[in-house]
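Residue numbering begins at 1 within each chain, and the chains themselves are lettered A, B, C, D, E, F, G, H, I, J, K and L in the order written.
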Amino acid sequence: MVRILVLNGPNLNMLGVREPGVYGTVTLADIEAMLREQAAEAGVELDFCQSNHEGVLIDRIHAAYGNTDGLLLNPGALTHYSYALRDALSSVAIPAVEVHLSNIHKREAFRHVSVTAAVAVGQIAGFGAASYSLGLKALLDHLEAGKGA
Amino acid sequence: MVRILVLNGPNLNMLGVREPGVYGTVTLADIEAMLREQAAEAGVELDFCQSNHEGVLIDRIHAAYGNTDGLLLNPGALTHYSYALRDALSSVAIPAVEVHLSNIHKREAFRHVSVTAAVAVGQIAGFGAASYSLGLKALLDHLEAGKGA
Amino acid sequence: MVRILVLNGPNLNMLGVREPGVYGTVTLADIEAMLREQAAEAGVELDFCQSNHEGVLIDRIHAAYGNTDGLLLNPGALTHYSYALRDALSSVAIPAVEVHLSNIHKREAFRHVSVTAAVAVGQIAGFGAASYSLGLKALLDHLEAGKGA
Amino acid sequence: MVRILVLNGPNLNMLGVREPGVYGTVTLADIEAMLREQAAEAGVELDFCQSNHEGVLIDRIHAAYGNTDGLLLNPGALTHYSYALRDALSSVAIPAVEVHLSNIHKREAFRHVSVTAAVAVGQIAGFGAASYSLGLKALLDHLEAGKGA
Amino acid sequence: MVRILVLNGPNLNMLGVREPGVYGTVTLADIEAMLREQAAEAGVELDFCQSNHEGVLIDRIHAAYGNTDGLLLNPGALTHYSYALRDALSSVAIPAVEVHLSNIHKREAFRHVSVTAAVAVGQIAGFGAASYSLGLKALLDHLEAGKGA
Amino acid sequence: MVRILVLNGPNLNMLGVREPGVYGTVTLADIEAMLREQAAEAGVELDFCQSNHEGVLIDRIHAAYGNTDGLLLNPGALTHYSYALRDALSSVAIPAVEVHLSNIHKREAFRHVSVTAAVAVGQIAGFGAASYSLGLKALLDHLEAGKGA
Amino acid sequence: MVRILVLNGPNLNMLGVREPGVYGTVTLADIEAMLREQAAEAGVELDFCQSNHEGVLIDRIHAAYGNTDGLLLNPGALTHYSYALRDALSSVAIPAVEVHLSNIHKREAFRHVSVTAAVAVGQIAGFGAASYSLGLKALLDHLEAGKGA
Amino acid sequence: MVRILVLNGPNLNMLGVREPGVYGTVTLADIEAMLREQAAEAGVELDFCQSNHEGVLIDRIHAAYGNTDGLLLNPGALTHYSYALRDALSSVAIPAVEVHLSNIHKREAFRHVSVTAAVAVGQIAGFGAASYSLGLKALLDHLEAGKGA
Amino acid sequence: MVRILVLNGPNLNMLGVREPGVYGTVTLADIEAMLREQAAEAGVELDFCQSNHEGVLIDRIHAAYGNTDGLLLNPGALTHYSYALRDALSSVAIPAVEVHLSNIHKREAFRHVSVTAAVAVGQIAGFGAASYSLGLKALLDHLEAGKGA
Amino acid sequence: MVRILVLNGPNLNMLGVREPGVYGTVTLADIEAMLREQAAEAGVELDFCQSNHEGVLIDRIHAAYGNTDGLLLNPGALTHYSYALRDALSSVAIPAVEVHLSNIHKREAFRHVSVTAAVAVGQIAGFGAASYSLGLKALLDHLEAGKGA
Amino acid sequence: MVRILVLNGPNLNMLGVREPGVYGTVTLADIEAMLREQAAEAGVELDFCQSNHEGVLIDRIHAAYGNTDGLLLNPGALTHYSYALRDALSSVAIPAVEVHLSNIHKREAFRHVSVTAAVAVGQIAGFGAASYSLGLKALLDHLEAGKGA
Amino acid sequence: MVRILVLNGPNLNMLGVREPGVYGTVTLADIEAMLREQAAEAGVELDFCQSNHEGVLIDRIHAAYGNTDGLLLNPGALTHYSYALRDALSSVAIPAVEVHLSNIHKREAFRHVSVTAAVAVGQIAGFGAASYSLGLKALLDHLEAGKGA
């Protein structure tokens, strides 16, 4: 059975509180519920995790090594500077899809660059909570396609 | 009935020929067929267009004004320098989703920047032909969400 | 009789539709009418043209060679990257005045730079439709002054 | 009655002396006479002032507060670095039109940037003394248009 | 009763040990004592916290949501790169004052920039331990002023 | 008796008029009154001065040499380019505290840098008129601390 | 029989008119004649094409796929920004030699960079019309060498 | 007896898994064993530690204060952005040698810069696991040399 | 009789007070005396002037027009940003020699660039007060050489 | 009789040894033989020289003054930084053609820039040993064309 | 028998004279003696060479081709700009270890970058003369490891 | 007796030949004669040397150690990139004065920067051959002043 880990970086626990003008009122629990339902329908296992600690995220990625088929990742602001997170993704070589709630190209210049996307399969940004469900779909399709190869 | 225009920029007609190491062997006709099927299932109209001419793409965007609900756009290399295409998108104010076959963050530095994404709803990159179907799904969901608002 | 060509670049056909918060509700047809009246009063011939195609604009500039005394030019977003348009202006050596509806210094950073203005007589920006009539007046005065020299 | 203040920055008193290859032989007194005539015809009051002192220019802008309807401004070289002049314009919120004798886009790179134009209505550059008369016309039209609003 | 949280970032626990030529011999406990006294006099509650972990600081900021009126923050070196800390401050929308012991404009170039100050009320730097007491005073005055609004 | 000079740069005389959205409605006279009261309570002499002329500010700093114990300085927009003002501060070696009404880190990029703060004791920015009173307190404490040394 | 396509970008049709100080008086027809003669001597087929439209050039490159052995290309000003042209060259994988009439290293800084040369076999610049004949010779030698491999 | 602390940053626990093309198959346990043997031969105490948490590394450096003579440090990707780690090294003033498994000058541009090396004794990079043993030797020699001084 | 004007910019009146570690204890009066003696020996008239006001320096340069043969200029910190002073020198076209007391290449980066030297005959920097006497000698020799031409 | 000097910079003596993946197996002696044959056919004298010493190359260029009609130059890596070589070419004003074996636009970024090409007639790059024979042909044609002028 | 060449670049002959505050009092002869002893113990041949001439260093590297197993290289200031030296190292493909006496990351910014290290096995910097002995050890270990492969 | 070494870098032997529009017709022999006469009058020994080889110049500077009191140096184009020459000057710690014939601030941007001037006493540029005599005078005065210290 396909096993997916959904990883959320700093401040995503505050979703629904934080800058609703930018991110809307959906909470991270809502997103988790939505993804669990989508996973159940797809018949895949889903683990869900959020941390404000770069180190915890890295540990969790390492722990996924050998027991996880795909990563769905919203690194939050770490997207823009955490080369350590990037190396963690490289080290386990688990296919990862990066998602962002907001369209990072519309915001401050420092958010236009992703240091983590370069080691991901792809990136989806700008669709609010739907970025996650699109990302999960993209990840599952990617894994499916890889199986046949 | 929801009407969607799928726009493809320069060189996408060469898909399946061009750098298969980067883009795979799927052709643009394959993508069109896939999207038409997806549109039929979703009960939406879909128009499909490709041009190597920036001007033709801009004309087509203008022609969509007043009769199109959403744009699915792969601007090809114009992504990286066509401010005219960006202004065309602004001028009609039709919700647009930008898609890319390859993960632009993994390629040459000039491909990391999108001058058009800043006026789109969001961007999806790196999933091959699946970027288009994810993009269509994202666009339809976005339009649906907007309707209820 | 003095012959003037008014050239408009990408998206200016959408004037009155596009971002009225930035450009107002005047249409390009209004501007053409205004300029034709001004030309009639000044006793000069006026040709008017708009295209979303860089190539069409360049062709039109070449066609003006030998039968046109002055160019009034709003290159739209091509202002910021079309070195080909710049070379077209150089190649025919017809005095050109560049105009912009909005004050480009107040907008996004990429709009602060003009690659075409360096081969024009001068630039007028920020006065809405009036930028055109000021530009025509400036161009005619410039041609008049040159005659006496 | 509409009251206009024409402000000239450093070295413009030397017009006719300074680099005639760039600026021609017209003097600032010629420009003042030309503008006074234009103002008389338009039925507006015109005050004219030149200083080589940034502080005097700022004081004069402040003094205009409450008794002046529009500013016609050639900041000379201060255009390129005087953020204090820029703030003075912001502080009084009187509509200002920036003019330059030469086409600043054709000269040294440091002259391509204007720190003051961002707080002006618009900018006119490259028409010699005619830049001033075009600027005055643009300013009066702008004020007229504002009146009707 | 007004509740204030004082947050200290990496290495501030080493105060009095670390580079005394730059920071002097005052310890963080001294600063805490000084601020507690100042808070008592002002009749406000004060919580005090230091961590070398970016994640702990973010968690603490989140925990302050709904029970804290103001933040006094010295992010240490995180000032210069922690966009995650910046987002944490945005997410809770509690007024924050940033303080630094040393004058960051006098030190290495990387210390001249603060990525966190842009989401704070203001910044105070260069007065040693007094930066904290000035910061607390500034924060309390700011809260007081806001109350009357 | 301790003698303090408060120096204000260009446009600060327009306080209360200028961009109230950014600076509020307090006038410079209000600030002077507030500081004089604070100085009287602290038993120190206070001189107060504003000029829009960089040269006048430099002359005033020189005149303070030998008869002034501390400078409270808001250089206005000169903060961002006046190396001459910076050198004036260095030349007299009187301790100076730089203050700004607004949080310069939240505004245009050119305001993020201070060329004068590098020769000051410290900088306080973002607290409106309170930046001055905090600055005076910081300056007096700094002088007091220096006395004991 | 070896088939060569000679492609000329924007403004090259104006050769002999445009800036003769830079490019001399030879026309594009002269160059075509010269190349046809050279091709005839070498026993190769030669197709010749010029367009001011980026899209036409891209279409023509695509049309060459499967029926052309080598490209001789002068992209004109598109050299410096047309990533779409660059991708067109990549997509057909036909060996291309880039030529320029003038020495681009002696002119404006924006002309020093070629975004297309990176996907060409090589580049020849500075020899006027002779750049073309050298380029054709280089291309034929390159194809000949490849045949033996 | 000389006491050495060996500190390893994020992802080094994955050594032998991560990108073997770059780092080889040696594990961190192998390196620890190798260094313990080398330390035993040299008659020095050696403590060994790895963490994926910046904060844990900083805490560990602080804890070393007063009981450790030298640090052997591989900060992993933190090398390139952790100014907090840099300040931790400064704060304890224990001589540190920075080591890297790969030659950072041969990899991505962001890896060419070390923000931590500026506060170390020196840096050794490119020798695989041998970088550690060379680093330990360098550190012990440095401490020995300092003793005689 | 040859007439020379010696112009000194901001803060040079503080010479002997200001940062003696950098500039020594010689005063500007000492320099004036030294130059007057040198001028007397050379049989040339010498006028000497210092101001902290950019505007006064520009006025003085203009006033020199038609009655002065050469300028000896130390613009102080204006060297690094006063394009207005640069234009003043251009406007009068009097040969100018720029001098600096200190070696500007050894100091802060902003002092390495001179915006005024580009319109001077030459520049002499680093010899303390002797820079002035060398500059006067250089200026007189330059004028002498010009006479014979 | 026309006299040509062929100059080769550092490491070109290693041709055939050095990075055959980039440069192929042809040796510099092969190139010399090829050029001598080509020169003999063209009826021109040819001198051939290689040195790894910038100074020797400059001396050789100087020695060519007055006895050489054209230079064929491959400066090797000096292309990218030797302003002294550039000045040597300027000083003798002998027409020079710059050649490179590889397409410098395809390699590391530092190789994209040539500081010497700006003082050459033109540049040919990317054709292996054929770059030399094309360069010789270009040089001879250039000299021939100049003769007729 | 393993043969090692130790190469020293410009100014290293002045060791012990030059800036002892940075480099200490050890001479290059001392270093040679130390390395010869180390080589003897290791049973390897060692050649030692220093030159202030980039060309001589390149010649020496070429001469090592085919008779040398490893290079120990301190390029001195050439480290920062000699692309010719870099190419020489590439051309012979002999494993090289780069060493520096001082920690280049602590000195002027231009010394932070090495253009030669990118073609070396690794780099060791900051340990004074010990950098050489560490470098020789690293080089011998590297060669040993390669033998077994 | 004071001993002075005059050092000239690449291409200065071509003086009088090279770009007379920039440097005039004076030869280096003329300059040597002029300086020898000046030295004789001043009662100092003068050695004179020119080389196109960076290495020879460095060797000559080293050879001057212990037998030379001052250096008069025109590094030619090496001024702009030879960090090795800079280190040579540092290594011998002989006072040096840098001279340039032309005003480097008026020429190409790469000539505005001197990497050697930062280790010289001062720099004199723009006075043709007179730069040398001014430089010698400046150097002798500097040595004289140092003697009295």
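Rule of thumb we're sticking to: a residue touches a chain if its C-beta (ideal position, glycine included) is under 8 Å from a C-beta of that chain, and two chains touch if they have at least 3 such contacts.
Small disclaimer: the values here were computed from a predicted structure and weren't measured.
**Q** Starting at subunit K, figure out the least number of steps needed to reach subunit L through touching chains.
**A** Steps on the shortest route: 1.
**Q** Considering only chains that satisfy the touch condition with subunit B, which of them also satisfy it with subunit C?
**A** Common neighbours, subunit B/subunit C: G.
**Q** Counting shared numbers against all numbers at the contact of subunit H and subunit K, is it over half, same, or under half, different?
**A** same
**Q** When the contacting C-beta pairs are counted for E-H and for E-F, which pair yields the higher total?
**A** So, comparing the two chain pairs, more contacts are at E-F.
**Q** Among the listed pairs B-C, E-F or H-K, choose the one whose interface is a repeat of K-L, with over half of the contact pairs the same by residue number.
**A** The K-L interface is reproduced by B-C.
**Q** Subunit A to subunit D: how many Å between their CA centres?
**A** For subunit A versus subunit D, the centre distance works out to 54 Å.
**Q** Where the centres are mean C-alpha positions, what is the separation of subunit A from subunit G, in Å?
**A** Once rounded, the distance between the two centres reads 46 Å.
**Q** Measuring centre to centre with CA averages, how many angstrom lie between subunit B and subunit L?
**A** 63
**Q** Subunit C: which residues touch two or more other chains?
**A** 53-56, 81
**Q** Provide the full list of chain pairs in touch.
**A** Touching chain pairs, listed by label, are A-B, A-E, A-H, B-C, B-G, C-D, C-G, D-F, D-I, E-F, E-H, F-I, G-J, H-K, I-L, J-K, J-L, K-L.
**Q** What residues of subunit A sit close enough to touch subunit B in their complex?
**A** Those in contact with subunit B are residues 103, 105-106, 112-114, 117-118, 120-128, 130-131, 134, 137-138, 141-142, 145.
**Q** In their shared complex, at which residues does subunit B touch subunit C?
**A** Subunit B residues touching subunit C: 53-56, 58-59, 62, 65, 81-84, 86-88, 90-92, 115.
**Q** In the complex, go through subunit H and note every residue touching subunit A.
**A** 9-11, 13-14, 17-19, 51-56, 76-78, 80-81, 110
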